[in-house]
Amino acid sequence: MRQAFHALSIPTSGKGLYEITRELRAWLSNEGVRDGLVTLYIRHTSASLLITENADPDVVKDMAAYFERVAPEDGPYIHDAEGPDDMPAHIRSALTQTHLSVPIEKGALQLGTWQGVFVFEHRRDPHRRGVKLHFIGE
Amino acid sequence: MRQAFHALSIPTSGKGLYEITRELRAWLSNEGVRDGLVTLYIRHTSASLLITENADPDVVKDMAAYFERVAPEDGPYIHDAEGPDDMPAHIRSALTQTHLSVPIEKGALQLGTWQGVFVFEHRRDPHRRGVKLHFIGE
Amino acid sequence: MRQAFHALSIPTSGKGLYEITRELRAWLSNEGVRDGLVTLYIRHTSASLLITENADPDVVKDMAAYFERVAPEDGPYIHDAEGPDDMPAHIRSALTQTHLSVPIEKGALQLGTWQGVFVFEHRRDPHRRGVKLHFIGE
(Lines give C-alpha, C1' and ligand atoms only; values in the text may rest on other atoms or scores of the structure.)
Protein backbone atom coordinates (compact mmCIF):
# COMPACT_ATOMS: atom_id res chain seq x y z
CA MET A 1 0.00 0.00 0.00
CA ARG A 2 1.37 3.39 -0.91
CA GLN A 3 0.47 7.03 -1.43
CA ALA A 4 1.31 9.54 -4.13
CA PHE A 5 0.80 13.29 -4.38
CA HIS A 6 0.73 15.67 -7.29
CA ALA A 7 -0.35 19.25 -7.94
CA LEU A 8 -2.00 20.60 -11.06
CA SER A 9 -1.96 24.29 -11.89
CA ILE A 10 -4.86 24.96 -14.25
CA PRO A 11 -4.96 28.27 -16.14
CA THR A 12 -8.45 29.68 -16.53
CA SER A 13 -9.56 32.63 -18.67
CA GLY A 14 -12.93 33.60 -17.24
CA LYS A 15 -16.02 31.82 -16.01
CA GLY A 16 -16.74 28.32 -17.25
CA LEU A 17 -15.75 24.66 -17.04
CA TYR A 18 -12.23 23.48 -17.88
CA GLU A 19 -11.79 19.76 -18.32
CA ILE A 20 -8.87 18.15 -16.49
CA THR A 21 -9.65 14.46 -17.11
CA ARG A 22 -6.61 14.07 -19.36
CA GLU A 23 -4.23 15.61 -16.81
CA LEU A 24 -5.66 13.34 -14.11
CA ARG A 25 -5.32 10.20 -16.22
CA ALA A 26 -1.80 11.16 -17.29
CA TRP A 27 -0.62 11.41 -13.71
CA LEU A 28 -2.25 8.13 -12.65
CA SER A 29 -0.73 6.38 -15.66
CA ASN A 30 2.68 7.86 -14.91
CA GLU A 31 2.39 6.63 -11.31
CA GLY A 32 1.51 3.14 -12.57
CA VAL A 33 -1.33 2.75 -10.06
CA ARG A 34 -3.48 -0.39 -10.08
CA ASP A 35 -6.11 -0.33 -7.32
CA GLY A 36 -7.00 2.51 -5.03
CA LEU A 37 -8.69 5.84 -4.57
CA VAL A 38 -7.72 9.16 -6.10
CA THR A 39 -8.85 12.39 -4.45
CA LEU A 40 -8.80 15.79 -6.13
CA TYR A 41 -8.83 18.85 -3.91
CA ILE A 42 -9.12 22.46 -5.14
CA ARG A 43 -7.45 25.03 -2.91
CA HIS A 44 -9.84 27.87 -3.70
CA THR A 45 -13.20 29.26 -2.64
CA SER A 46 -14.13 30.88 -5.96
CA ALA A 47 -13.45 27.91 -8.24
CA SER A 48 -14.67 24.37 -7.70
CA LEU A 49 -14.62 20.81 -9.04
CA LEU A 50 -17.37 19.03 -10.92
CA ILE A 51 -17.93 15.74 -12.67
CA THR A 52 -20.37 16.10 -15.54
CA GLU A 53 -20.97 15.05 -19.15
CA ASN A 54 -18.05 15.78 -21.46
CA ALA A 55 -19.49 14.50 -24.76
CA ASP A 56 -21.73 17.38 -25.86
CA PRO A 57 -20.09 20.80 -25.32
CA ASP A 58 -23.57 22.31 -24.87
CA VAL A 59 -23.81 20.65 -21.45
CA VAL A 60 -21.07 22.76 -19.91
CA LYS A 61 -22.54 25.89 -21.51
CA ASP A 62 -25.96 25.12 -20.02
CA MET A 63 -24.33 24.28 -16.71
CA ALA A 64 -22.49 27.61 -16.54
CA ALA A 65 -25.65 29.50 -17.60
CA TYR A 66 -27.67 27.73 -14.91
CA PHE A 67 -25.32 28.83 -12.15
CA GLU A 68 -25.45 32.41 -13.50
CA ARG A 69 -29.21 32.29 -13.00
CA VAL A 70 -29.32 30.52 -9.65
CA ALA A 71 -26.52 32.53 -8.01
CA PRO A 72 -26.59 35.79 -9.97
CA GLU A 73 -24.06 38.61 -9.73
CA ASP A 74 -26.75 41.09 -8.75
CA GLY A 75 -27.91 39.13 -5.70
CA PRO A 76 -28.18 41.18 -2.48
CA TYR A 77 -24.67 40.49 -1.15
CA ILE A 78 -22.74 42.31 1.57
CA HIS A 79 -19.36 40.89 0.53
CA ASP A 80 -18.19 42.46 -2.74
CA ALA A 81 -14.58 43.25 -1.90
CA GLU A 82 -13.39 41.97 -5.26
CA GLY A 83 -16.37 42.94 -7.40
CA PRO A 84 -19.83 41.63 -8.28
CA ASP A 85 -18.51 38.16 -9.25
CA ASP A 86 -16.92 37.66 -5.82
CA MET A 87 -19.73 36.43 -3.56
CA PRO A 88 -21.56 34.45 -6.28
CA ALA A 89 -18.25 32.65 -6.86
CA HIS A 90 -18.24 31.48 -3.22
CA ILE A 91 -21.88 30.40 -3.50
CA ARG A 92 -21.35 28.47 -6.74
CA SER A 93 -18.36 26.76 -5.12
CA ALA A 94 -20.55 25.81 -2.14
CA LEU A 95 -23.18 24.33 -4.47
CA THR A 96 -20.62 22.19 -6.31
CA GLN A 97 -17.48 20.42 -5.00
CA THR A 98 -14.20 21.30 -3.35
CA HIS A 99 -13.06 17.68 -3.49
CA LEU A 100 -13.81 14.58 -5.56
CA SER A 101 -12.81 10.97 -4.93
CA VAL A 102 -12.85 8.34 -7.68
CA PRO A 103 -11.94 4.65 -7.29
CA ILE A 104 -9.35 3.01 -9.56
CA GLU A 105 -9.70 -0.70 -10.21
CA LYS A 106 -7.30 -2.88 -12.20
CA GLY A 107 -5.61 0.25 -13.49
CA ALA A 108 -8.86 1.83 -14.71
CA LEU A 109 -10.14 5.12 -13.35
CA GLN A 110 -13.80 4.32 -12.64
CA LEU A 111 -15.31 7.29 -14.46
CA GLY A 112 -18.48 6.43 -16.38
CA THR A 113 -18.47 6.57 -20.16
CA TRP A 114 -19.79 10.12 -20.33
CA GLN A 115 -18.11 11.54 -17.24
CA GLY A 116 -15.41 14.16 -17.33
CA VAL A 117 -13.66 15.94 -14.45
CA PHE A 118 -13.74 19.72 -14.61
CA VAL A 119 -12.46 22.80 -12.83
CA PHE A 120 -15.40 25.20 -12.60
CA GLU A 121 -14.06 28.75 -12.69
CA HIS A 122 -16.43 31.27 -11.12
CA ARG A 123 -14.42 34.49 -11.56
CA ARG A 124 -14.23 36.70 -14.65
CA ASP A 125 -10.51 37.38 -14.54
CA PRO A 126 -7.80 34.88 -15.57
CA HIS A 127 -6.49 32.72 -12.74
CA ARG A 128 -4.22 29.75 -12.12
CA ARG A 129 -6.11 27.21 -10.03
CA GLY A 130 -4.25 24.78 -7.80
CA VAL A 131 -5.68 21.26 -7.64
CA LYS A 132 -4.01 18.81 -5.29
CA LEU A 133 -4.09 15.12 -6.26
CA HIS A 134 -3.76 12.33 -3.70
CA PHE A 135 -3.64 8.62 -4.42
CA ILE A 136 -3.77 5.80 -1.90
CA GLY A 137 -3.71 2.15 -2.83
CA GLU A 138 -1.46 -0.23 -4.74
CA MET B 1 -4.40 -2.65 5.65
CA ARG B 2 -6.38 -3.81 2.67
CA GLN B 3 -8.80 -2.71 -0.04
CA ALA B 4 -12.01 -4.17 -1.39
CA PHE B 5 -14.15 -3.32 -4.40
CA HIS B 6 -17.72 -4.02 -5.28
CA ALA B 7 -20.27 -2.83 -7.84
CA LEU B 8 -23.97 -2.30 -7.27
CA SER B 9 -26.41 -2.18 -10.16
CA ILE B 10 -29.49 -0.32 -8.98
CA PRO B 11 -32.68 -0.51 -11.05
CA THR B 12 -34.65 2.75 -11.16
CA SER B 13 -38.13 3.34 -12.53
CA GLY B 14 -38.33 7.09 -13.01
CA LYS B 15 -37.30 10.16 -11.05
CA GLY B 16 -36.87 9.90 -7.31
CA LEU B 17 -34.68 8.61 -4.49
CA TYR B 18 -33.85 4.91 -4.13
CA GLU B 19 -32.33 3.86 -0.84
CA ILE B 20 -29.22 1.66 -1.00
CA THR B 21 -28.21 1.68 2.68
CA ARG B 22 -29.07 -2.01 3.05
CA GLU B 23 -27.03 -3.04 0.01
CA LEU B 24 -24.07 -1.01 1.29
CA ARG B 25 -24.25 -2.51 4.79
CA ALA B 26 -24.65 -6.03 3.37
CA TRP B 27 -21.43 -5.73 1.38
CA LEU B 28 -19.45 -4.26 4.29
CA SER B 29 -20.72 -7.01 6.56
CA ASN B 30 -19.84 -9.65 4.02
CA GLU B 31 -16.33 -8.21 3.73
CA GLY B 32 -15.98 -8.31 7.51
CA VAL B 33 -14.47 -4.83 7.66
CA ARG B 34 -13.58 -3.28 11.02
CA ASP B 35 -12.02 0.19 10.61
CA GLY B 36 -11.70 2.23 7.47
CA LEU B 37 -13.36 4.38 4.87
CA VAL B 38 -15.95 3.34 2.31
CA THR B 39 -16.42 5.41 -0.85
CA LEU B 40 -19.43 5.17 -3.15
CA TYR B 41 -19.05 6.42 -6.69
CA ILE B 42 -21.86 6.69 -9.24
CA ARG B 43 -20.76 6.32 -12.85
CA HIS B 44 -23.44 8.58 -14.35
CA THR B 45 -24.13 12.26 -15.01
CA SER B 46 -27.93 12.07 -14.82
CA ALA B 47 -28.24 10.20 -11.53
CA SER B 48 -26.44 11.08 -8.31
CA LEU B 49 -25.85 10.07 -4.69
CA LEU B 50 -27.33 11.67 -1.60
CA ILE B 51 -27.38 11.11 2.13
CA THR B 52 -30.61 12.32 3.68
CA GLU B 53 -33.31 11.39 6.20
CA ASN B 54 -34.79 7.95 5.66
CA ALA B 55 -37.32 7.85 8.52
CA ASP B 56 -40.22 9.87 7.10
CA PRO B 57 -40.95 9.01 3.44
CA ASP B 58 -42.25 12.56 2.93
CA VAL B 59 -38.67 13.83 3.07
CA VAL B 60 -37.64 12.17 -0.17
CA LYS B 61 -40.86 13.33 -1.83
CA ASP B 62 -40.20 16.93 -0.78
CA MET B 63 -36.57 16.57 -1.85
CA ALA B 64 -37.52 15.36 -5.34
CA ALA B 65 -40.15 18.11 -5.64
CA TYR B 66 -37.62 20.74 -4.61
CA PHE B 67 -35.19 19.76 -7.35
CA GLU B 68 -38.06 19.84 -9.88
CA ARG B 69 -38.62 23.46 -8.90
CA VAL B 70 -35.00 24.59 -8.67
CA ALA B 71 -33.83 22.89 -11.90
CA PRO B 72 -37.04 22.63 -13.92
CA GLU B 73 -37.48 20.75 -17.17
CA ASP B 74 -38.57 23.91 -18.99
CA GLY B 75 -35.41 25.86 -18.19
CA PRO B 76 -33.78 27.58 -21.18
CA TYR B 77 -31.38 24.76 -22.09
CA ILE B 78 -29.44 24.25 -25.34
CA HIS B 79 -28.70 20.57 -24.64
CA ASP B 80 -31.86 18.48 -25.03
CA ALA B 81 -30.55 15.57 -27.08
CA GLU B 82 -32.43 13.05 -24.95
CA GLY B 83 -35.50 15.14 -24.09
CA PRO B 84 -36.55 17.81 -21.59
CA ASP B 85 -35.35 15.78 -18.58
CA ASP B 86 -31.81 15.54 -19.98
CA MET B 87 -30.10 18.82 -19.00
CA PRO B 88 -31.95 19.22 -15.67
CA ALA B 89 -30.65 15.73 -14.83
CA HIS B 90 -27.06 16.93 -15.27
CA ILE B 91 -27.76 20.04 -13.18
CA ARG B 92 -29.41 18.09 -10.36
CA SER B 93 -26.43 15.74 -10.36
CA ALA B 94 -24.10 18.73 -10.11
CA LEU B 95 -26.06 20.09 -7.13
CA THR B 96 -25.88 16.78 -5.26
CA GLN B 97 -23.08 14.16 -5.16
CA THR B 98 -21.21 11.87 -7.50
CA HIS B 99 -19.29 10.31 -4.63
CA LEU B 100 -19.74 9.83 -0.90
CA SER B 101 -17.25 8.69 1.72
CA VAL B 102 -18.28 7.36 5.12
CA PRO B 103 -15.95 6.18 7.91
CA ILE B 104 -16.37 2.76 9.51
CA GLU B 105 -15.24 2.35 13.11
CA LYS B 106 -15.22 -0.88 15.13
CA GLY B 107 -17.33 -2.50 12.43
CA ALA B 108 -19.99 0.23 12.49
CA LEU B 109 -20.75 2.35 9.43
CA GLN B 110 -20.78 5.87 10.88
CA LEU B 111 -24.14 6.95 9.47
CA GLY B 112 -26.20 9.02 11.88
CA THR B 113 -29.43 7.61 13.29
CA TRP B 114 -31.61 9.22 10.62
CA GLN B 115 -29.25 9.03 7.68
CA GLY B 116 -29.83 6.83 4.66
CA VAL B 117 -27.78 6.54 1.46
CA PHE B 118 -29.74 7.05 -1.75
CA VAL B 119 -29.36 6.93 -5.50
CA PHE B 120 -31.13 10.03 -6.84
CA GLU B 121 -32.52 9.21 -10.29
CA HIS B 122 -33.07 12.30 -12.43
CA ARG B 123 -34.41 10.68 -15.62
CA ARG B 124 -37.99 9.65 -16.36
CA ASP B 125 -37.20 6.35 -18.05
CA PRO B 126 -36.13 3.18 -16.24
CA HIS B 127 -32.37 2.74 -15.89
CA ARG B 128 -29.84 0.52 -14.20
CA ARG B 129 -27.39 2.70 -12.29
CA GLY B 130 -23.86 1.52 -11.59
CA VAL B 131 -22.44 2.44 -8.19
CA LYS B 132 -18.85 1.47 -7.47
CA LEU B 133 -17.93 0.71 -3.84
CA HIS B 134 -14.38 1.01 -2.53
CA PHE B 135 -13.17 0.15 0.94
CA ILE B 136 -9.76 0.86 2.42
CA GLY B 137 -8.80 -0.03 5.96
CA GLU B 138 -8.64 -3.11 8.16
CA MET C 1 0.39 3.14 6.91
CA ARG C 2 -2.09 3.73 9.70
CA GLN C 3 -5.53 5.07 10.51
CA ALA C 4 -6.84 7.34 13.25
CA PHE C 5 -10.36 8.29 14.32
CA HIS C 6 -11.75 11.16 16.31
CA ALA C 7 -15.14 12.68 17.02
CA LEU C 8 -15.94 16.36 17.38
CA SER C 9 -19.08 17.54 19.14
CA ILE C 10 -19.82 21.06 17.93
CA PRO C 11 -22.34 23.16 19.84
CA THR C 12 -24.51 25.35 17.61
CA SER C 13 -26.90 28.12 18.63
CA GLY C 14 -29.12 28.61 15.63
CA LYS C 15 -28.68 28.78 11.87
CA GLY C 16 -25.30 29.75 10.47
CA LEU C 17 -21.74 28.64 9.83
CA TYR C 18 -19.45 27.53 12.67
CA GLU C 19 -15.78 27.24 11.82
CA ILE C 20 -14.01 24.04 12.91
CA THR C 21 -10.67 24.49 11.13
CA ARG C 22 -8.84 24.95 14.44
CA GLU C 23 -10.33 21.80 15.97
CA LEU C 24 -9.41 19.84 12.85
CA ARG C 25 -5.83 21.13 12.80
CA ALA C 26 -5.44 20.50 16.54
CA TRP C 27 -6.37 16.84 16.17
CA LEU C 28 -4.10 16.30 13.16
CA SER C 29 -1.24 17.98 14.98
CA ASN C 30 -1.87 15.87 18.06
CA GLU C 31 -1.82 12.72 15.94
CA GLY C 32 1.47 13.82 14.36
CA VAL C 33 0.36 12.90 10.87
CA ARG C 34 2.67 13.54 7.91
CA ASP C 35 1.10 12.40 4.64
CA GLY C 36 -2.42 11.18 4.00
CA LEU C 37 -6.06 12.01 3.66
CA VAL C 38 -8.41 13.31 6.34
CA THR C 39 -12.16 12.82 5.93
CA LEU C 40 -14.80 14.70 7.93
CA TYR C 41 -18.24 13.17 8.15
CA ILE C 42 -21.28 14.84 9.75
CA ARG C 43 -23.83 12.43 11.20
CA HIS C 44 -26.88 14.63 10.61
CA THR C 45 -29.37 15.49 7.88
CA SER C 46 -30.17 19.01 9.05
CA ALA C 47 -26.61 20.29 9.43
CA SER C 48 -23.84 19.96 6.87
CA LEU C 49 -20.18 20.64 6.12
CA LEU C 50 -18.76 23.36 3.91
CA ILE C 51 -15.38 24.72 2.91
CA THR C 52 -15.56 28.43 2.16
CA GLU C 53 -13.74 31.72 2.72
CA ASN C 54 -12.95 32.46 6.35
CA ALA C 55 -11.22 35.84 6.00
CA ASP C 56 -14.18 38.22 5.65
CA PRO C 57 -17.02 37.42 8.09
CA ASP C 58 -19.50 38.87 5.56
CA VAL C 59 -19.00 35.79 3.38
CA VAL C 60 -20.63 33.41 5.83
CA LYS C 61 -23.46 35.91 6.42
CA ASP C 62 -24.11 36.15 2.67
CA MET C 63 -23.83 32.37 2.38
CA ALA C 64 -26.43 31.77 5.09
CA ALA C 65 -28.73 34.43 3.60
CA TYR C 66 -28.42 32.83 0.16
CA PHE C 67 -29.58 29.46 1.43
CA GLU C 68 -32.50 31.16 3.20
CA ARG C 69 -33.57 32.50 -0.18
CA VAL C 70 -32.94 29.40 -2.28
CA ALA C 71 -34.49 26.90 0.14
CA PRO C 72 -36.95 29.06 2.10
CA GLU C 73 -38.90 28.01 5.17
CA ASP C 74 -42.21 28.75 3.45
CA GLY C 75 -41.60 26.40 0.51
CA PRO C 76 -44.46 23.99 -0.23
CA TYR C 77 -43.24 21.07 1.90
CA ILE C 78 -45.17 18.02 3.11
CA HIS C 79 -42.63 17.13 5.81
CA ASP C 80 -42.84 19.61 8.69
CA ALA C 81 -42.81 17.26 11.67
CA GLU C 82 -40.35 19.47 13.54
CA GLY C 83 -41.44 22.88 12.29
CA PRO C 84 -40.93 25.12 9.24
CA ASP C 85 -37.12 24.89 9.45
CA ASP C 86 -37.19 21.07 9.20
CA MET C 87 -37.48 20.31 5.48
CA PRO C 88 -35.39 23.30 4.31
CA ALA C 89 -32.66 21.98 6.64
CA HIS C 90 -32.62 18.66 4.75
CA ILE C 91 -32.54 20.50 1.41
CA ARG C 92 -29.71 22.83 2.45
CA SER C 93 -27.78 19.77 3.65
CA ALA C 94 -28.36 18.11 0.26
CA LEU C 95 -27.05 21.20 -1.55
CA THR C 96 -23.87 21.31 0.53
CA GLN C 97 -21.75 18.44 1.96
CA THR C 98 -22.12 15.55 4.36
CA HIS C 99 -18.44 14.68 4.01
CA LEU C 100 -15.22 16.42 3.06
CA SER C 101 -11.81 14.96 2.29
CA VAL C 102 -8.62 17.02 2.38
CA PRO C 103 -5.08 15.77 1.60
CA ILE C 104 -2.24 16.30 4.07
CA GLU C 105 1.28 16.56 2.65
CA LYS C 106 4.50 16.89 4.65
CA GLY C 107 2.45 17.61 7.73
CA ALA C 108 0.46 20.42 6.09
CA LEU C 109 -3.30 20.26 5.70
CA GLN C 110 -3.78 21.27 2.06
CA LEU C 111 -6.40 23.97 2.64
CA GLY C 112 -5.92 27.02 0.46
CA THR C 113 -4.97 30.33 2.04
CA TRP C 114 -8.56 31.55 2.32
CA GLN C 115 -10.28 28.24 3.01
CA GLY C 116 -11.91 27.37 6.31
CA VAL C 117 -13.88 24.26 7.28
CA PHE C 118 -17.36 24.93 8.67
CA VAL C 119 -20.32 23.15 10.18
CA PHE C 120 -23.39 24.68 8.54
CA GLU C 121 -26.27 24.57 11.02
CA HIS C 122 -29.69 24.66 9.35
CA ARG C 123 -31.95 24.48 12.43
CA ARG C 124 -33.06 27.36 14.64
CA ASP C 125 -32.69 25.58 17.98
CA PRO C 126 -29.37 24.86 19.71
CA HIS C 127 -27.83 21.48 18.86
CA ARG C 128 -24.67 19.51 19.39
CA ARG C 129 -23.44 18.26 16.02
CA GLY C 130 -21.33 15.13 15.76
CA VAL C 131 -18.53 15.22 13.20
CA LYS C 132 -16.48 12.07 12.73
CA LEU C 133 -12.86 12.49 11.66
CA HIS C 134 -10.93 9.75 9.87
CA PHE C 135 -7.28 9.84 8.87
CA ILE C 136 -5.45 7.36 6.70
CA GLY C 137 -1.80 7.68 5.78
CA GLU C 138 1.54 7.96 7.52
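Odds and ends about this structure:
By written order: A, B and C. Residues from 1 in each chain.
The rule we apply is simple: a contact is a pair of C-beta atoms (placed from the backbone, for glycine too) under 8 Å apart; a residue touches a chain by one contact, two chains touch by 3 or more.
The shown structure was predicted, so the numbers you read here are calculated from the model rather than taken from an experiment.
Because chain A and chain C carry the same sequence, their contact can be compared by residue number, and under half of the numbers here are used by both. Note: Cα superposition of chain A onto chain B, rotation of 120 degrees, nearest 5.
The distance from the centre of chain A to the centre of chain C, each centre being the mean of the chain's C-alpha atoms, comes to 20 Å.
The set of chain A residues that touch two or more partner chains comprises 1, 70, 95, 101, 136. If you check the complex, the residues on chain B that touch chain C are 1, 35-37, 50-53, 56, 58-59, 61-63, 65-66, 70, 95-97, 100-103, 105, 110-115, 136-138. Across the complex, chain A is touched by residues 1, 3, 5, 39, 41-45, 70-71, 75-79, 81, 87, 90-91, 93-95, 98-99, 101, 130, 132, 134, 136 of chain B.
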